[in-house]
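The structures come next, written out as structure tokens.
Common to both upcoming complexes is chain A, partnered first by chain B, then by chain C.
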Partner chain A sequence: MTPGTFELLGFGPQGWGFLLLKAAGTTIAAAICGFFLGSLFGLLGAALKLSSLLAPRMIGQFYTTIFRGVPEILIVYLLFFGGSVAVTQVMNLGGFPGFYSLPVFVIGVIAIGLVSGAYQTEAYRSAFLRLNRGQIEAGAACGMPRHLLLRRIIAPQTLRFALPALGNIWQSVLKETSLLSVIGLTELLRQAGTAAGSTRQPLLFYGIAAILFLIIGRMTGAALGGLERHLAKPWSR
Partner chain B sequence: MTSPMQANTANTSPVIATEGLRKHFGTVEVLKGIDFSARDGEVISILGASGSGKSTFLRCLNLLEMPSAGRLHIFGEEVGLRAGKDRLRIANRRQVDRLRTQVAMVFQNFCLWSHMTVLENLMEAPVHVQGRSRAEIREEAEAMLARVGLTARRDAYPAQLSGGQQQRAAIARALVMKPRVLLFDEPTSALDPELVGEVLKVMRDLADEGRTMLIVTHEMAFARDVSSRILFLDQGQIGAEGTPQQLFGGGHNPRFDQFVSRFNQG
Partner chain C sequence: MDWPFLIDVARQLLSGVPLTLQLAGSGLLAGGVLAVLVASAAASGIAPLRWIALAHVEVFRGTPLLVQIFLIYYGLGQIPELRDSFLWPFLREPYWCAILALALNTSAYTAEIIRGALQAVPEGEVEAARAAGMSGVLLRRRITWPIALRHGIALYGSEVILMVKATSLASVITVAEVTNISYRLISSTYRALEVFVVAGAIYLALTFLVSLAVALVERRLNAHHAHRRT
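Presenting the complex of A and B:
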């Protein structure tokens, strides 16, 4: 007797429900970690690109050109193979022979961080350029030291201006975690593929994966939208 | 320390003084050696044609603009400046930040922080820069807002206020720091004509209180009525200096008379 749809998606012995939820959790975790790592790279990239010196500007430009220009799946592969080669070499040099590799989750997060960081660089940079110089001067004229200017004036306004672009980047980060299935990370797409293969019900499981992606995207999108409206309030009339 | 500025007793020693203050942008010399001092309680209007260097001069006094050469004393204290590539540099940021809390500035474009309410704008620097207690500051900020007539708008954001209201809020923001000098750079130039009066009224009250004020302005009548002294900048130099009676009486300085008559026509 073959199990019905309900059983297949349920949490019983024949059901894939638990594994799918776990994979959805992995997707969310990879997206969140990758996005926040990307924020770090993005802030650094923006600082480099906004520098008054040529060398940092060129480094920043190089970074965004590479990671926006090379297909993300290639970045994932390059990091996966390059990462193992590097770690193996280090371990071998340190007197531990054999083959080593990094956990795929870590590689995936780094890949997403690097790529989304390149896009976040532009989001932060253009938000910073929208800041009103006079408001920064007003802070300086009150005797605010630089760290206070950054924390109290520059950061909140930059975040507010960057948020719409960051929201878009978040949505694509969420989708692009599915690329990590190629290096063996059991995220939503890969888990759906496994289930599809063993039950011969691809439409059902890929369909479920699609719905889960949509749900995660809509929920996080709504949260970001709320934050955006909250931060935009002072600018509305 | 042979400067004549320091040879005075405490209450007459200059609040702000410059010696040989110069500033150039590229090859353009905007300030050509300004010797100036302002004493406690003086209200000094800085007049001059557009491009004569008024804003640049005022901004050099709190180092929003770095002079190319010269010396600056604030409250009798020499501000540490060291040589840089094309201009002087701040030698000690802490000194400058400390002095800036006592030298407040009001800008042409108000420059309120747009992500904070009016009340938050007023409380920001006293709380975070001066480290005063919120409760104490809140009371003072409310009193200050009442004074400039903005009590009802204290929870509004700057974008929700008229220009005149924004400028009054900006003046209140400057005042809550209890500064010893107030610098104004064309505080009414960005306002619709019907809003100029409300801001000038607040400034007039401050002058009557005996506050020390340096005001760059194009409001001739205001400058004449309110100032204790006029500083006329002419092509980066002090073209004339004196009481409003001396200067506006005419015949004191031909360039100033020309400036005023052109102004009255224009």
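Presenting the complex of A and C:
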């Protein structure tokens, strides 16, 4: 007897429910790790691009041009194949013969971090440029040292101005994790593909994957919207 | 530097460029037409039409393009009515599935761009046109659409660039465009960096040409503001 839709999606012996939820967890974990790694790259990139020296500015420009202009999937392939070649070479030089590779989750997070970092660079940079110069001067005139100025004046306002753009970048990061299915990470799309293959129900399982992506995107979007309103409170009148 | 290898890679990858451009071009063309329909439906007075348009935008912007491609390529074959219809010879082909997915995807983003551009038309300009006796199609053709076009063109330019990049996902369903050829070269030679550099250069060149073209169009559309430039 062929199982019905409810058995297929349920948590019973013939159900894919548990595996799909687990895969959704992997998707969310990869997206969160990739996004925060991207924040690191983004802050670094913004600092480079805002530098008064030519060389750092050019490095920053190079970074954002490459990682925003080249398809994400190519970057995933580069890190997947190139990464394992590099790791193998290092290990072989160190006296460990054989073939080595990095876990696909790590490769995926680095790829997403690099790409979203390039977009976050622009978000942080334009947010910093919107800061009121007078406030920074006033803080300095009050005798605030640089780190205090950064913590009290610059960081909170930059974050607030950058948040709408960061929210958009988060949504694309979430969708980009689906690309990691091509290098074998069992995230939502790949798990749906496995289920579709073994049950011959692609419409059902890819449809479920799409719905889960929509739900995750909607919920995190609502949370980010709440954060945005919270951070805007001191400025509301 | 292994020049013969790089030149060989470049030759093979360039042979995929026409297919990449076809995917992007057809997707943008069909997606553009669909976007106009969706945007008009979203602005229409008929509620069910509005709901369909909103759902269309929500679904195609909220889910990954790769999921959409798989749904169309693997999923549609599950519907017997479709398998028996005249559409099946097309929907069986990865090439047409990729174009359909790209078109549906870009139509949702473009519909939002159109909506935003129309909203950005200043109320005063429309009122002035009405006061001058214009209405209906004349008002739209002379006032609303030209102003909206100037507002939307920059955003549409970045959508075109995203579209050129998005064609790379067709590689996953065996369409032999630039990324598909790159993948086969990388997995057979394991020289990821060299292939990536060449493929990346091709995509950067394409996106650069697109942004150049958009800048030229923008310049021409804003020719009447030219005296403001110094």
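We adopt the following convention: the second predicted complex is superposed on the first by the 235 of 237 C-alpha atoms of A that agree within 3 Å, B and C clash if a C-alpha of one lies under 4 Å from a C-alpha of the other, contacts with A are read in each partner's own complex, and residues count from 1 in each chain.
Here is the rule we use: contacts are C-beta pairs under 8 Å (C-beta built on N, C-alpha and C of every residue); 3 or more make two chains touch, one makes a residue touch a chain.
Given the structure is predicted, the values throughout are model-derived calculations rather than measurements.
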Partner chain(s) touched by A:226 [first = chain B, second = chain C, both, neither]: neither
First (chain B), second (chain C), both or neither touched by A:182: second
Which superposed partner A:71 touches (first chain B, second chain C, both, neither): second
First, second, both or neither for A:134, with chain B first and chain C second: first
Touched partner set for A:217, first chain B, second chain C, both or neither: second
Touched partner set for A:207, first chain B, second chain C, both or neither: second
First (chain B), second (chain C), both or neither touched by A:25: neither
Which superposed partner A:82 touches (first chain B, second chain C, both, neither): second
Greater chain A contact set [chain C / chain B]: C
Residues on chain A lying within both footprints (that of chain B and that of chain C): none
Residue ranges of chain C in contact with chain A within the complex: 58-59, 62-68, 70-71, 74-79, 161, 165-166, 168-169, 171-172, 179, 182-183, 186-187, 190, 192-193, 196, 199-200, 203-204, 207-208
Residues on chain B engaged by chain A in the complex (per definition of touch): 62, 64, 93-94, 96-101, 103-105, 107, 109, 111-117, 124-125, 128-129, 157-160, 170, 177
Of all residues in chain A, those that touch chain B in their complex: 132, 134-135, 137-146, 148, 152-153, 156-157, 160, 231, 233-237
Contact set on chain A toward chain C in their complex: 65-66, 69-75, 77-78, 80-82, 85, 171, 175-179, 181-182, 189, 192-193, 196, 200-203, 206-207, 209-210, 213-214, 217-218
